[in-house]
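Notes follow once the structure below has been shown.
Labels run A, B, C and D following the written order; every chain starts at residue 1.
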């Protein structure tokens, strides 16, 4: 029995994303044949008690309370950043300089400047890097990417994508503090633009190529909320909703929209693409289904097909159960961890890299700018 | 401009079915090229006031209050029976003897004996005849029939069909009387077996061939109801629910179920057929859609396709609007009227004929018998 | 039996809309209790043969080949304009001046100037008028309007609406000429903006109030097509696709999109509205269903409800069949005809009036302007 | 940090169910607060290499090749039987006699006699026991059970349940041998009746109480197949399809159907229940959704609600991610493992126990008997 090489992981953050990443590292090697075995060496959090609780639950061997100490450890190969957005750039740059591989939650930076510095850092250090745009690894989306790459859609005319939530509608919800930093612009950078639209944009550019120009609108529906840290009612500085029209380099038109005020939708990330010969659509509420329309089908029998993406010949699925048995949200992270480690074993980069993360930030920045200027804004060239 | 031949119609009954038939006669020639122009000569009902109101609304030229008088009229070519089940046999037989064409609401008879006598009568008289099993003319169902006839499904393994309603759940609903004769076994013959399962069975034998044996169960959930005609609480003698398992001559197995106690379903007539190479399903709540699965599709892209049956190359649809614009329930009667008149012009019989109606009654009788004996019962041979 | 007053109708145009209107006039009095009986007096078309064929099919008593002659007729009370967009203003204004009631297919005018002149004409003449924005009379949409008027949704945050078709994707499709005038900008005025978005906008302003400003994009994917009238390949001057972001007067944000290049969608008119307390959505491909989410439902049992809008207590439905049995596209016109005649009997105006049609044209004009300027454009005040 | 008590597990079998169980033991303590920590002590399989590979993948500390040796080990608290049906009784009885807790894959026995002996064995030994009818722990099904227990449905009229697959349609599929023992009646006991209907029946009796009598039909569509172990074409002795009608003790009627010949369905386990006041339905292809109809809703707004069972107040879901993010098939086993261990900590029995497994076997035996006799058969009393 061959002894596998170890991939020693130090994670920063113990929140929602800390859980999804830890689960991914634990599960990936049980379902995918990997050359490296992830070892959960240490979790870092300012609060030692919480770090200890998290370590115990997930099996981390140790804790740190200062991310710099984590980076200094010789027994760690990879730094995984699962902490709020305002920490991404600083930690990633330091980790890269220390020669660690760097995985980072999305969005890469709060700004293009931050993201560019991160790209430069991993580039100079020559270290493997990845942004956790996990939805590329929904099997239905990976399948869609394959179908597009095979040229089945012909010329693309339209793309549309939404991310609809409803969890901030109540006026009583405070901003900032524990579990609510996504409402605090200083930490989050922006509201739904960076939090939700970033997913839409990463997916869109992966599937449909570069976005070249945008016109956008943002809105903050509830203007003031109590701030959990200060205890005072303060202006809300994030965007509650954000929508934009755009043109892709391939000539297609698109409509994007994200909000946390769409009553009845919890995490409705939708994608639709219309080509000359075929169309497809998908949404996160039934992530195991891909809807596909093929104009080449016999006329009388044309229709939208609901493909239950659970067969052995669907991306990733032979590693799971049997046809008809669906997987869920967490598996997208497991797939991403598996792909990263597979690529590592083969000396390849696994996408999305920091460079891909920067490409998304360029669009979100153009969106936020257009929302202010009321003009069409070009997306900065790579 | 060619003058069309007239097809002079006398209808018996002014209820729900009187309306659907009258509408069909009026609309058919506006949307389909027909050699005959239906003329609404007379409506017959015992209550003269109601007959007059109905005639005025639908444009009947005259009224009758005795169906024998209607049959005696020389200016009438066709008798359409839209009155309750207990009147079907007597009127149809007399009309046939008088040399009239006969159209009859379903079920043909309350019993096989009644139905057989009706078949014999139209046979002896040599008059065109039709039973209003309207759902064969849902375009999605006509399309399914075509697909089956083309052999696309291969060997058939399974058939299943339901008709689920919920309108008799209340204990307060009386039985019998105005608008409620379907609860009165003397008039209706049976409950859901003749009223609803008859539709399922007609469709099934049309699509999948003869049913050879059945085992059934029926139930009357509410044992007593006030009778509207007597004013007394009386035992309910109809079946509230009826289900059966059966074997078709082609070797396939089937499950049928009808009830008026399926809370939440108004008129959920469903059909599903599973063949070696393909499957299809449909339901009346979205009657303009056919769901189709083809095993010959490319593996990764197999799935259930929802065909929006509104294109010009779909059955009947070129006569209506443009693709994507759905038709509704009443159109099934219009199609049936149009097909009858088209066949008439060509000297053909239009299905379902009385003989087809008898074939359905043979199965419903076997179902009701099995529900009593607790045995498998053979369907009487034609 | 009371003799009903007659409403004598002269129609201009014998195309798709000529059929839907004629059917509506014939069917409305059979299903709705109306004080006036529509009488199809005359159809006007330049081609006498076609006019005669149309008259014969629908039962028009006579034909005209010059709309001015039609308007001059004393025996006609109402002019119904079902001819291409470039004829609307001239005919409507002349008809109004002649004291006729005027019904007009949408869009009202090709421009705001045309529409305003039409509003002025019917205003000066004091004649009843109506624009055929038929989708307001989809029962599901009428129900939605009632729910909104009852205040069930609370503050509105989002509105979104699409109209997706795919019938012009082929390069081989010519522009202009018989059945294709919608591709000819001289006749149609614009492409999908006036043809499709006009429906979205009329519905939106009816449901959610005035739109105040827009930013838009349009695209013509196929730049040249053979022109059926000239026989030459000519530039395509209409918009193939049109999308806009907007703000409503009530503070809600919206996204609109229409196209004829969305492969797989035939007539996918969608509406969604998100309020603080409830949300609803609908689409034309299953027009008999309203999806509704109510935040006041018990937590564990919150979900999107699919309301099958076929019950007797749903708008218009008691006039049709029984619960569970759906109606179709043509019924929206029947309802509109019935409502117009009902209002006439009661001395009221039935919406949408020409004034409502102008309000839609104001938005489409702002959309087309913004698509050119790349700026946000205000919608002109009423 | 409290040291948790260990629960030392020995598993028999390394196939599909070996994987789902092992994953459940590993994942349960990461997501649920459990008093015991499962320790994967040993996996037992006749083939040592396979056992070793399985142990390495899942982290079992050791292997055994004889299940008797496994049972003899003092360091093991619990025997988990994940091997084919023909091994269940012998292993379970021996394990119980040895004082081990016993978990067993479904169906409990191949016959009622086997199952009764197993119940007696765990009863005599007084050891905790469980059958892996995992689908009770689909959150949507657990929620449905709660709704039923709260009395929301009123009197129950109808129950229906299917399990539709299509993986054995090909004539080329051999029977028996590696991965195909489900086609070998000697090992499996029966075909779809024990494999699939057992799930339907366990769920049904849990939700709707005891089944009292049945009438059934079974079919073997492909009569002969090559046997993988003998290399010869042999008669197929299992049932390919099985359907039955039944009465529940509560007076409701039901229809059940399972097959491996329903082209297009991979694992379509469906459940529907119709009560006087409410109805619900569910299927395994979208296991995270519960469809619910409540007659007490306001008339105009009645409809089937699709509840996305992913909120924090839904069963099990607060332990996973955030609202809108679905879980999958494997989680049902994790929930079952967690519930067993929670119950163990509290000195309670977790359902379904062996006694519940026996209750299911009683029904499957009646079904198979009825399919032979052509009679209604009573389910043997407990």
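Observations
Note that in this section contacts are C-beta pairs under 8 Å (C-beta built on N, C-alpha and C of every residue); 3 or more make two chains touch, one makes a residue touch a chain.
What you are looking at is a predicted structure, and each value in this text was computed from that prediction instead of being measured.
More contacting C-beta pairs link the chains of B-D than the other of the two pairs C-D and B-D. When every chain is reduced to the mean of its CA atoms, the largest separation from chain D belongs to C.
Taking each chain's centre as the average of its CA atoms, chain C and chain D sit 55 Å apart. One simple way to say how far apart two chains are is to compare their mean CA positions; for chain A and chain D this gives 36 Å.
Averaging Cα coordinates per chain places chain B and chain D 42 Å apart. Counting partners per residue, chain B has 265, 302, 304, 308, 311 as the residues that reach two or more other chains.
Across the complex, chain D meets chain B through its residues 157-158, 160, 164, 166, 169, 215-217, 219, 221, 241, 243-245, 247, 251, 253, 255, 257, 259, 261-265, 274-279, 293, 295, 302, 304, 374-376. Listing the residues of chain C that touch chain D in their complex gives 143, 147, 290, 292, 294, 297, 299-308, 311, 313-314. Those residues of chain A whose C-beta lies close enough to touch chain D in the complex are 1, 16, 20, 23, 26-27, 30, 52, 56-58, 165, 167, 265-268, 284-289, 308, 310-311, 320-331.
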